[in-house]
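Here the chain labels run A, B, C and D in written order, and each chain numbers its own residues starting at 1.
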């Protein structure tokens, strides 16, 4: 079992930290929100005074933060890199932009430590159940060291490639997912407006070339299949605001790559309009409201 | 068994007509191309002299033609409606615009006959194997009459709703499929350009929220999964030019419906650019060449 | 001076008919709305009992109707073509789809009469002031006959080409205008969000390569230039709903032409979202609210 | 008159430096390309050995470099900031991303110096003629100091706001310009395909609501107006590759701002496709070839 500093105890991070404790690791945890620190401390973690404190005298540091600037700030400005002991491995499970992920690999390496970018999919449910997928970028050797730790929080631990490539893989996947959610929305509004019953649309499309995981998990109209957010007022699930974040990360990655993403860009614009209309708290499948605001 | 006039013996129609013969029906067939008429006649059909001749003294007329204007022309100008006997049922299996499909329902009904729009999916392979899916629009009673005929050519016979709604359902499905093909293309180019191995991308996405039937049947890059056109120089499969046709039918339907399809429109534009670059003969998955022309 | 049947006395048509009367022509007018018929009759027109009645024993028939289906219905179903005397010339000033315009040319020609498509630009203000621009499609000879009539309603009378090409030219122009309105909106929101004063943005762009007639007539933000709808709560001007109609006509034309319009399609989708949000009554420049709903 | 270090003597920079010499300033110049250094030295500049050397003992440093990373590298890694004397003002006339521009303001300020972002428009022609427009971001006081220097290279010197806002303003303008170029292209292909003469299209649109500076300077079809690149095989002018760069800077800025740009994104995708097809060396108006590759 290992000693682990865990920084960032939000909706996802708190569950992940608790699962690491359950798996038998010794945790020191930090978050700006003291309440969530107490919540995880009650499960057996030591409450640290600061990010740097959490990173002191541990074998691994796990960060789980909202955006790239937070990761940079915690590692550099908040002194985590200065605080860690020789041999510490830093794992960033935040979903952040590829450029910052690459830069963090460089910064940590220059300081003499090892780094793995390891964003997750699976949502709050997966974080709580310990069934997350980790998409990892970094050296094979570092990945091998981190795998036992990640297995305490997830089920599917994949090395996608070198520095930053965990992030790249995740946003490629999520870009497709976001596009698919909007594509299904367009089709259901079109078909239903022209008189086809939504149940017929679902039955035909879900058994034909239009089928997808998103259609099954996030069918954008209510009443045609079980267990989708549309049946429950679009309560997430995976919030539209998080999908917007990922679609924008994909756009940033495309700028870095110099490649074009006509649909990724159009989907990002649609989710931004959805956000401007005050709907980011709803499930991703609520993007259908951009096409037809009063649909249910 | 029934007597059937079959008009339109192209890549799809010739196989469909032969399957009807195999199923024991009596066929009279017509096409402007005499060679294909002979090909089907050798299987046991009677070669008709004209579309009207094929439609004379039969219980069913099946049309399988490229575009809506052809259907209108055959039924009205070429005299099919004038030629049919009382009680004849007209089945149009062409994939055509919703407006024309609706108009044909009206025209045929005014003339005192019954009509079913019944476009297919499954491609030339499905036509030959008799495993097509038929998406049908028309009265329940008419659908029931036509079902035994359609079962001679396909496996999955679905009534989608009233007049035109077979066409609507098909283009809704195919619009999603076309969007998904381009979405996957964008993601593979983006991920690979940023250094992720295409096999890793496929493995992660195909087991995550980005998965779809299209990804599995039409993965846009070669060498990562079996039996996809990308492994074979993008030999179709389902030609990009046909997908462009369907995406444009979806745009026409959206104009009729007055609904918006931001991604459907963007995908139609991309396939049009692909067509302008001379690539419509390649498989739909070759749309990746719009993003990266020299990819393999 | 000529005898003219005028059918369709809406916001535009009533002014146009009154201007023809002022120019000295004898008018018979018809509209389904009796009130507007009386309004024009008070200016000196004879009130007709029906569209066919208005078209009887006149040298010219002018139609000014909302959509293509209305024009087809008035000319064919309502009996205008059957009612007109030999030598009558039919002028359609409605803005309609290219396909219907072409079809009406054929229908009228087959009946032995002459037809000119002659959509206008200039809005209600131009209709009232008699300063409309007419974009005409039809034979040179027919155009020459119609010119004196059109000069009674407008200032700039242009022959754009053969049948339907007045409509084509108008929607090409208006598609650019609609795109430009959204482009300006995107730029103002982007610039202002990043801290640049809107007046600076206007001053620089209006004197640089981003300048356009739309920027000057329809600057999407208030307070930077005079006499734009944004200064007046986006009161039209040219309503966003009319721009949506024209953008959709452009999409229909692109389907007929088989050409691609990536920006035209994206603009149509944005105006459709704007419409779905209940904003079609506002000026076209209010499209900025799709990007930032609470902007003023 | 002032002493000025000038770093970056490319197509634009060499002309700008020579104009500063003509205006009576003392120049020290540096570029990695020795040939261009000699070219400017012949006009009276002193050839510096390095960027840092050029920045030593001068009152102003002007940088004119391709991308943001170059500016950062020259100012920080190449030691320009370490080399400058107290009171030196740094002017960056490169067109770069807003984030880097803002960061350079901070970096220079922390080092105790003053900074102005001052990207230009007007192209190589304007650089040679000394008629550039400078869009400046920075303190009013710094702007006032720099104005006499900028007047040696341009005619229109505008302060757009604080740090980075020169860059913001430029990319807002250029985003509109790039969108307009594609919008005109879509309209000309659409109109001409439907049979309208291109000269008619130009004459109507250029006198109506579709008119713009871009239409007049960069009409995308040949033979309808004088002095446009389309008349000369799309020889730039303003290369499509530079427009792609600016459209991508606009996309990066939109990500920073968190605003949406549906048309800006679609235009960036179209120029990226144009680039992938090998056309970035042609004028921006050649973007029409994305719609119709063989147009002239």
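We adopt the following convention: a residue touches a chain if its C-beta (ideal position, glycine included) is under 8 Å from a C-beta of that chain, and two chains touch if they have at least 3 such contacts.
Keep in mind that what you see is a predicted model, and the values were worked out from it rather than measured.
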Farthest from subunit D by Cα centre, which chain is it? Let me know. B
Two candidates, B-C and C-D; the one with more touching C-beta pairs is C-D
If you average the CA atoms of subunit A and of subunit C, how many Å lie between those two points? 49
Using Cα averages as centroids, what's the distance between subunit B and subunit C in whole Å? 37
Subunit C to subunit D: how many Å between their CA centres? 39
Two or more partner chains touched - positions in subunit B: 258-262, 266, 269-270, 273, 276, 291-292
For a test of understanding, state which residues of subunit B touch subunit C in their complex under the given definition. 248, 251-252, 255, 258-262, 265-266, 268-270, 272-273, 276
Using the touch rule from the top, collect the residues of subunit C that touch subunit A in their complex. 262, 266, 273, 276-277, 290-293
Touching subunit C in the complex: which residues of subunit D? 98, 121, 133, 135, 156, 158, 160-162, 164-165, 168-169, 172-177, 179-180, 182-184, 186-191, 193-197, 200-201, 203-205, 207-215, 217, 250, 253-254, 256-264, 266-267, 269-270, 291-292
